[in-house]
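Below, each structure is written out as structure tokens.
In the two complexes that follow, chain A is the common piece, with chain B as its partner first and chain C second.
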Partner chain A sequence: MAGLGETLGRAAAWPFTLVARAVDPPLRVWQRWTGTGGMAAVFLAPNLAIFGVFVLIPLVLNFVYSMTGGTGILLDQRPFIGMEQYGRLLECEDYTRRITCREDQFWTAVTNTTGFVIFQVTLMVVVSLITALILNRNIRGRGFFRAVFFFPVLLSPVVVGLIWRWILQREGLLNLIAVNLGLEPEIWLNDRFYAFAATIGVSTWAHMGFYTLILLAGLQAIPRDLYEAAEMDATPPARVFWRITLPLLGPNFAVVLVLALIRSVQIFDEVYVLTGGGPGTSTLYLTQYIYEVGFASILRNPGLAAAASILMGAVLVVLTLLQLRLSRRAEGRRAR
Partner chain B sequence: MSRILAFIFRRRGHGRGWHWTDIATWIWLIGGTILMFGPALWLVASSFKGPAQLAEFPPTLLPYVQQTAMVEGYDAPLPLYTTTQEDGSTKVLAEIRRIGVNSQMVDPGNPGERINVNIADRSPVREIGLATGNYVEPLVKNNFLRFLWNSVFVTVMATLITLFTNSMAAFALSKYRFRGRDGVMLLIVATLMVPLSVILVPLYSVVNAMGLLNSLWGVILPTVATPTGVFLLRQYMLTIPDELLEAARMDHASEWQIYWRIVLPLAAPALAVLAIFSVVWRWNDFLWPLIVLSQREHYTLQVGLNTYAGELNVQWHYILAMTVVTMIPVILVFLFLQRFITTGIAGAGIK
Partner chain C sequence: MKFTMTSFAALAVAGFGSVAFAQDRTEIRVMWYSDGIEGEIMQDLLDRFEESHPEIDVVLDNVAYQVIQEQLPIQLASGQGPDIARVTNLKEQAEHWLDLREYVEDPAYWETNFGDRFDWMRPDGSDAIPGFMTQLTLTGGFANKTLFEQAGVEMPGEGATWDDWIAASKEVMESQQLPAAFAIDRSGHRISAGTASYGANYIGDDGMPAPIDDGTMSFATKLVEWTEEGLMLPEVWVSAAGTTYRAATDDFINAQIPFYYSGSWLIANLSTKIGDAFDWVAIGTPCGTEACAGLAGGAGLVGIKYTQHPEEVAVVMDYLASEEVLREFTERTLFLPAHKGVVEAGGLNFQTDDPNVAPALEKFIAASGESSPLTDALPAWKWGNAYYGTLVTRISQVMAGEISLDEARSMMDQDIADQVGTASQ
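Up next, the complex of A and B:
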């Protein structure tokens, strides 16, 4: 059977082998002509070309879009209007009342996203930390349980959204449990508070396994003899946690915190499928606002969407720089 | 049984017996297992229920189908009901048709005589069974087979291209010294800061200008140059000793051959990890395909599911079944390759 697998593998690789052989002679000529430095360019070219076209050019264009008006997507149909889009996003008559803002949907999205980020990241970090601490104990079937918590991470956001929409609907599982506990059944996603809570809970459910793994890796890197020494001294467990575990976990903990923040700010897919931003606009978050203004609404305004995405991007850049710094520090510690 | 439990819950090491933290640990783990798997299992169980059963409350745990019987004189099988007679006894009858609140029924044993029964006095005869039509009908009648194919195409192509372009870039960045190498690395790091949601509008216009709107390639190409992939492969290739490459050069191997015949096979473990990641990422992609694809025949499964689930009258029996179909590749990855991913994440801290 192993022989068969190998044969099949070879057969699948065959077309690629052919291509690889065919490109060798011209590349040899190129190599003789330009040296190994020229070959480095050849190896980098495809990836950099794709980066350039699909990341760098859009990055620059984003600023152009944010400073032009109109509803067209082609740049030559878009008149230059300077910073007007930003002004429109940020202009309010009375900054204490969202409704007086010119683009009140944007402020709704900002407020909702802020609330979401605060609660979701807190919940995420706490739940992942508890799970990682538990998985770090000497328990039977640790590999199994590690996999259990990781399972939802692999599911697609659309599937996650649909699974939970199905559970939270009127004839759903949650109402079955509620009725059995003697509570009134609810249409959970039609309620502003429950829908907001659902987006937090569901996105935590879907991603906590990922953060648990990073924290667990950090916990396992803490030298055992520290704990043994603590035990010799009969240090109380709470003190061990605050004095040994948390400080030594620090860098990983910081990485998890910032990664969770970055992803939380951009939340879209699961929530869009779960609540569609509703009821009303109570779970309308920033990425959905950008998507709807840029693509989905009748009065679409690509310039406004670009301006909003640049403002969100600025927040993300700050967070990512923070993350890179922290993870470098984490690596430095590990090396020492 | 108690010995098995004792074996499972036995504490290793200290042997001081049960501490409250042990109990808390097991409550958390078992509760977590139910919470993590339960919703997906509930979805799978529900996906085999017919539309009538899905609308019931309280829902049953297992899927049932109504029993039918062939009755003499009728071409199609008739659904069976248990009916309550005037004297309180019950009898199984087959329904011919329903007229208002009355049901015209017939005794399968005595097909000549028709009986009128109020629908309040009857209840369907059911047995455990699977409504497999939930799966067959959307695949055959609606476009789901098409969506499935599109998703497979996007996933396979994007993964292949990702593996090639990322491994070539990683090879150059790990095995050559050239001017501007640090600049290129910095550029790739910088792209980590530009998630898709930040460049939606201009990316759409670039894809539009290239004529790739409503094309699967418009979904594939913007996703393939993953910075994480380049990092992962570069980290791994740095561990391949340069002496191997030098030896090959002595034997007049070209640089391309060195990449293809030496470095790629040696980097197979890292390539495998990236391949698994890429398959899961591309299979699960939603926002970008939602924007690029506006014609139904080009939808991927994720977009198709969202569209059907967003309709005014959601046909849950189809949606649930197709959600299960969408989950299948990911569940396979989970069952067989989960170890690769978890170690990959623990090692590189990426997703």
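Up next, the complex of A and C:
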């Protein structure tokens, strides 16, 4: 039986062996010529090419577009106007009153997104951590619950938005339950507060499984003997959490924070389907603003949309670097 | 073995033969959206076309209306797109339409039967033949007759105003415990019939957008008040941001509102989905202080100038624009005809058993005789969408309590100026 497995393994590996033998001589020549540093470049080249084509070039193009005007799509149809689009986005008579800004909807989107990020990331991290802590315990049906919490991650954001829209709309499930309990039905998505809360809750529900998984992996990597030692010393559970679990979860926490933050700033699809940015503009977030300006309006303004996306990207980079620096500093303190 | 080799050879010959045949056929792609059942009918018509024109393979790409509104313009702006498309934003994108004049069999036939509306779909001053209107549309209202009867409320008659209709619908709403009295689609095009009724003028003397006037603000104020009073279904306007289009068709079909303002293109859809659940009637456009006119429009089928096969596109267009084919299309889709010959010949045999349909069509045909300066001019005006977009965005914000009507007015002027500025760069 082992012989059969070996034969099958060789058969499966045969094409790869063939390719490896074919590329071996030229790679040896290359290594002799450039040294091991050159080999690293060879192996990185495919990834760099993909990154260049799908990330770097579009990024540069986006920046170029942000300095052009008109409604045309092709660059040769678009006049160069310098930083005018940025000026238009940032022009306000009174920065404390959004409606005095020339692009008031941009500022509305910035304000809404800031609020969303603060509440959603906080909620996401807290809920994911609690869920991971529970799922890390030896509870009955642990595997089932892990699957249940992860399941929404597999759903398309559009499906998530539609499911919750059906739950929250006037004739939705929530109102059906409310009416059966003798309560007054509510048009949840027409209320500014509820709609805002719904976008936070729904996006947290949809993505927490992923972050829970990262934190769970971190929890399981914490050596058991630390907990056993704490137990022998009769350390209270809260102290164990603050002094052992949380510090050792640090690297995973940093990953969760950065990913949740980026995802949160980029929020679009679930919210677009769920609330369409309403009521009014109370759930209009930055990505929807960019989409509306660049694509959805009949008289599109790709340059303005590009400028807004560059500003959003810059903020994201700053936030990510800040977060990484803070978490590294915290790690350094712990190491000392 | 011999059998296998022979079979393989035969298959190969057949395969190569079919490839060669397929290569001889010119593929024409049509981007098409449907409000109701017209996609199926168009497919049937095109299947028959292919039988008589084996050299042309017409592929009907059925897409959502949003694709026509949001993705097609991007394709066109980058010099790509289908060979033929069904479009509603005809004037703004006129630069992308193929001039069929030198390709169609008889340009005079096109001029005679469709010439009245060519200016809706070609640049100002052009004599191009860009395509034809598959149907004319007119904005207008629908009322749930059964709900009015159940409530014991008499439907307002000829010459009734917006206020009359809202007041009567309010009685029905209260009597039947409905969520709202009425709804109007979240669309600048739709509410422009209302603003025109109150004497709005969007077009300046120089043909450029005029500042927002009192006529526009009169109707906008009414819409806001009706929303604040809980008479207008809030889900349609308030629950969205930006220029997002939202219709209230499902709410009318589900008998949630007694009065719904949309347009003639819904007749087939209402007939199919409502069936005999309740009786409904078309009511035209209620009157304001100045007019009672709906806003004309429609969908046009246009050739795209980036096509590699303009001759074949013209052959397909000649077929679809023929009187016989358009008559059948009109009778089966329950659309208002846009072909002069079809209209003049009359005697259209609309294919439906629904007793609500014929009176509705007659009502819209009669209503198309009503006009106002603005509704007459808007279909061929380049800057209509600059107005429509900001009307929707800003009035929604007022309804949501974010800004006041006065603020909205100055913001609308600024939005329009910005859009004109961008488009003129």
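To be clear about the criterion, the second predicted complex is superposed on the first by the 260 of 336 C-alpha atoms of A that agree within 3 Å, B and C clash if a C-alpha of one lies under 4 Å from a C-alpha of the other, contacts with A are read in each partner's own complex, and residues count from 1 in each chain.
Rule of thumb we're sticking to: a contact is a pair of C-beta atoms (placed from the backbone, for glycine too) under 8 Å apart; a residue touches a chain by one contact, two chains touch by 3 or more.
Note that this is a predicted model, so its numbers are computed, not measured.
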### Message
Going by the contact rule set out at the top, does A:53 touch chain B (first), chain C (second), both, or neither?
### Response
first
### Message
According to the stated criteria, A:44 is in contact with first (chain B), second (chain C), both, or neither; which is it?
### Response
first
### Message
Between chain B and chain C, which one contacts more residues of chain A in the superposed model?
### Response
B
### Query
Just chain B (first), just chain C (second), both, or neither: which does A:126 touch?
neither
### Task
Quick one: classify A:157 as touching chain B (first), chain C (second), both or neither.
first
#### Entry: Contacts of A:298 with chain B and chain C, given as first, second, both or neither
second
### Query
Which chain A residues contact chain B in one complex and chain C in the other?
73-74, 170, 276, 295
### Query
How about chain A: which of its residues touch chain C in the complex?
69-74, 77, 79, 81, 88, 99, 102, 104-105, 169-170, 187, 189-190, 192, 195, 275-284, 288-289, 292, 295-301, 303-304
### Touch list for chain B against partner chain A, complex
8-13, 21, 25, 28-29, 32-33, 35-37, 39-40, 42-43, 46, 54-59, 164-166, 168-169, 171-173, 176, 178, 181, 184, 187-189, 191-195, 197-206, 208, 210, 221-222, 224-225, 230, 254-257, 259-260, 280, 283-284, 286-287, 291, 302, 305-306, 309-310, 316, 319-320, 323, 326-327, 330, 333-334, 338-339, 341-342, 345-347, 349, 351
### Query
Which positions of chain C touch chain A when the two form their complex?
69-70, 73-74, 77-79, 89, 92, 179, 234-235, 238-244, 246, 385-386, 388-389, 393, 396-397, 399-403, 407, 411, 414, 418-419, 422-423, 425
### Query
Within the complex, which stretch of chain A touches chain B?
20, 23-24, 27-28, 31, 36-37, 39-44, 46-48, 50-51, 53-62, 64-65, 73-75, 130-131, 134, 137-141, 143, 145-159, 162-167, 170-173, 175-176, 179, 185, 205, 209-210, 213-214, 216-217, 237, 255, 262, 266, 268-269, 272-273, 276, 287, 290-291, 294-295, 302, 305-306, 309-310, 312-313, 316-317, 320-321, 324, 327
